[in-house]
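As written, the chains take the letters A, B and C, and residue 1 is the first residue of each chain.
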Amino acid sequence: MNWLSKMFSSSIGQKFIMSITGLFLISFLVVHCFLNALIFLNDGGRVFNMGAKFMSTNPVIRIVEIVLFAGLLLHIIRAFILMNLNNKSRPIKYAVTNGKANSKWYSRSMGLLGTLLLLFLIIHLRHFWVPTKIALFSGNEHNSFEELKEIFSNPIFVAIYELGVISLFYHLMHGFQSAFQTLGLNHSKYTPFIQTCGKLYSFIIPFIFALMPLAIFMGFIK
Amino acid sequence: MSKLDAKIPEGSIDQKWTKYKSSVALVNPANKRNLEIIIVGSGLAGASAAAALAELGYKVKVFYFQDSPRRAHSIAAQGGINAAKNYTNDGDSVHRLFYDTIKGGDYRAREGNVHRLAEVSNNIIDQCVAQGVPFAREYGGLLSNRSFGGTQVERTFYAAGQTGQQLLLGAYSAMQRQVGSGKIESFSRHEMLDIVMIDGKCRGIIARDLVTGKLERHFGHSVLLCTGGYGNVFFLSTNAMGSNATAVWKAHKKGAYFGNPCFTQIHPTCIPVSGDHQSKLTLMSESLRNDGRIWVPKLKEDAEAIRTGKKRAVQLSEEERDYYLERRYPAFGNLVPRDVASRAAKERCDAGYGVNKTGEAVYLDFTFNTKRYGRTEATKKGIHNPSEDEIVRLGKDVIKEKYGNLFDMYKQITGVDPYEEPMQIYPAVHYTMGGLWVDYNLMTTVPGLYALGEANFSDHGANRLGASALMQGLADGYFVIPYTIGAYLSKEIAVKAIPTDHEAFVEAEKNVQERIDKLLNIKGTKTVDHFHKKLGKIMWDKCGMGRNEKHLKEAIDEIRALRAEFWKDLRVTGTADDLNPELEKAGRVADFLELGELMCMDAVNRNESCGGHFREEYQTEEGEAKRDDDNFAYVATWEYKGGENNFELHKEELIYENIKIAQRSYK
Amino acid sequence: MSGNMNITLKVWRQKNSNAKGELAEYKVGDVSPDMSFLEMFDVLNERLVSENNEPIAFDHDCREGICGMCSMFINGRPHGPKEGITTCQLHMRSFKDGDTIVVEPWRAQAFPVIKDLIVDRTAFDRIIAAGGYISVNTGNAQDANNIAISKDNADEAFAAAACIGCGACVAACKNASAMLFVSAKVSQLALLPQGQPEKQTRVLSMVAQMDAEGFGACTNTGACEAECPKGISLKNIARMNREYLGAQLCSEKM
């Protein structure tokens, strides 16, 4: 398996991991987003809680969840390793750089955006995932919808979530199309399509996420 | 006894090379591994020779002053490379390429060498394609050809306007492959500063590591100089800033004869000088002359008005313009060979018709053909009675497609948009046909020392045709030297590598060190560039496009005086044990100051006009070059006799058995 | 002849690879807008020599944008503010009277500074030596027209082969990655039928050498493509990724 370790330790192999795990997380976000969007049914959280229950108890989903966390960790760890490598490849920095002349700021700031997202994620998991798990293992009934309403009644948390979602937007703006480029998918015919999809995705998903805390905070969701 | 035995093989011209190849002595593979070859220069000739010889199994060391072998100035060649493939079915053949090259060189090149060049030209294209050189292709997938000056067939292979780059990268890749396999040792940022002679043979070099400043001794059973031409004697030329004559000049001073030093090619279409700060000149491809018409104002008053900015070119009507090439050479018009076009431009400017601030520029105007293309396009698109504006707009699109990158380059350099104003051009030094004298084996008069590519004198006579320099560099490196070096090395197999503590190495290194110290210790007041610019001006004014005895003799005196001043008043900052570009330049200019004088001496000696060498005393009534075949059908070969300005002339008679000598006419 | 611009230069001066460097300030007067950027340096250097100071060392050779030797990082961008050109093709008319211009060497672990603005780019040569070629010995090629290559592929290969090896891609990249350079050569040869036999080994060895030289990894910011004086496309990087992953997953070599 020498070749495998060689491949994954090479610069391209490492990027390959980032790309695959990134795309996997992107696909997860779709599920996450649309399940959460059930709150907009405004039925007092009935359907939403059904969905939440399904997601936390179904054995298949439980396995997928483990894979998801593995992917997430891989993405994060690789990102830090790569950031370190890339940092070392220019030990003496320029006195003056003019990055905006040749690239987008968010493309150059994936590490920063990712770190912000990681911080957000810790808060987010503490808010929603940890209580669900505690409830699951202690056998208690857990009302995710009520929890949602409670947390988003706090304006500070709403602000944090909105900031997290903005980070996500920019992270995706670069990440989506970049993942395809890393996989070698760059083609005159299809790349413009991929890029448009990327922009739509980067906007729509975070936008829906962004609506949730606001809608609850403003009292639209009962 | 004269040493000038060209060693041309016996037999008919088309059999010489074939027979030579099958009878030349060989070196067996086991012995090749013990034979060391030093190559100086990594351009087309050097890189291709390095690759080919390493593939054969020789131990090769390559030296180049740039940071990478890929920087050599072959990279800048634009137009293309000739070969007698006859893919276009237009009647080309090896003989025709041979004939065109001899004729283009104004009958001053050696038949045997040129025929061999034409023979191997086809192998070059095959080899380069196999290496992955992306030549231009037709839609059917086969190679595309275009035509070039001085020929009537389409035999030029090209890769957009970057043929030299692609060929050099091909040779560089082949060379790097051998570097990777350990058969070539590559020395970047190293400059050869002398050759080392042991028992009458060249046995190595002294090189300076330009980063540390350390002098190094390197042994080789033979040494190949592939160091290009000496156009930078003129300071301003299309050569790269670092192109220099130091290697060939050091070899010359150690006994290698110099052939035809005065033969310089001045290219007619370069961007004119814009001011004193100018450091080099940029070529605008010869292909532009296919669609551009060259003119100056008919009246001096108009020229004057344009020079002072009171008038613009576009304000002059057709009647007020003098299309002097079309007027003088109705048959070839704007497509006369380079030497003829350059002289005609100089003639007009000297007469006071030049069009830029310095008075040294003529117009290259695309208006006529823009409109012609515009009308064709309008017809194609079914536009009847198109307006003048429409025609111009459509025509510009065609011109843009054909020459867009060149027009952009022009605009970038001059700040003037050539789509709106005609281009200004003026001739500039481009190539040197002269170089170290070599025999059929490419060996100089120093045993074991070879010269390849532009560094030798052999193939282009008094004028080089377009797209032939690349051909010669690669022919010498890939297909000639691998055979001919066997003739010498087969007798050297018993020679063990000589340790570099041999007294000859010690002595040579000492001399080099002394010269470096001398340069650093003058501690005068003038910079290297000051002297280089002065030399360039003398050479350009008096040994440039038009030469005469009086001026040349003045030039010799002026150069001697300048050289004396150089050694008295030069200032080189920094030290010898460091990266020191000023010191590098100083050494090169010191050599130019000697070579420049020899060029003038050679030009004085050659009492005729031929090719790029135009002696004003020897011209026809219409102002055309007048050759003197009875007295000057020879290679002027100079031997250095020690001391200052002490050179002896030897003559290699040129015998034409296969081509009938005729006057060139383009009328 | 003189010009009408006054320029303040801040230039990186560093005695040698071991020394510590710093930005030094120079005023250059009488600058003509027709001067090239390097000619302005020539003028400054002439002055420095006449004042008995050491001139600024910088790499340059052909001065027509093809040799790839010039390498200045000007006001935060490789080869300065204009697109599609090298430093030697940059002219002073691209600046304004009174401008302050900061000039630094390429910065990368794999491109150590030798002196002032000169860096060591031999890493590129070693990458080519690792596999940037087609193994064909001189003399055993078939007739050139025995291989038909579609014009589109030939043109695309040429576009990749137009790389001049200047290193602006590395200099511009926030990760000092050399992927554009390496992928240009990988692409050129992968697009041509002659390059097929060594396709897999080529990309594997070139990428291995690139990593060994200490270049960073690509994060697809596109800065390299934007700053490349020859407009080498990001598509080449995608192609190299494809070639690399394909070679790793499919070749029989362990």
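Before moving on, here are some points about what is shown:
Note that in this section contacts are C-beta pairs under 8 Å (C-beta built on N, C-alpha and C of every residue); 3 or more make two chains touch, one makes a residue touch a chain.
Owing to the predicted nature of the structure, the values given are computational and were not obtained by experimental measurement.
Between the interfaces A-C and B-C, more contacting C-beta pairs are found at B-C.
Relative to the centroid of all protein Cα atoms, the closest per-chain Cα centroid is that of C. The centroid of the Cα atoms in chain A and the matching centroid in chain B are 61 Å apart. Per-chain CA centroids place chain A at a distance of 36 Å from chain C.
One simple way to say how far apart two chains are is to compare their mean CA positions; for chain B and chain C this gives 26 Å.
Residues 2-3, 6-7, 10-16, 82, 85-86, 88-99, 101-104, 107-108, 110, 174, 177-178, 181-186 of chain A are the ones that touch chain C when the two sit in their complex.
Touching chain B in their complex are the following residues of chain C: 1, 15-16, 32-36, 38-40, 42-43, 46, 48-50, 52-55, 57, 59-69, 85, 89, 91, 93, 114-115, 118, 120-122, 124-125, 128-139, 141-145, 147-151, 154-155, 157-158, 161-162, 164-165, 188-189, 192, 194-195. Residue ranges of chain C in contact with chain A, taken from their complex: 10, 12, 23, 73, 75-77, 81, 102, 104, 107-110, 172, 174-177, 179, 207-208, 210-211, 214-223, 226-227, 234-235, 237-245, 248-249, 253-254.
Put simply, chain B touches chain C in their complex at residues 48, 51-52, 55, 66-73, 75-76, 85, 87, 123, 125-143, 159-160, 162, 165-166, 169, 172-174, 176-177, 179-180, 186, 188, 211, 238, 240-242, 274-280, 282-283, 409, 412-415, 478-479, 482, 525, 527, 529-530, 571, 573-574, 578-579, 581-582.
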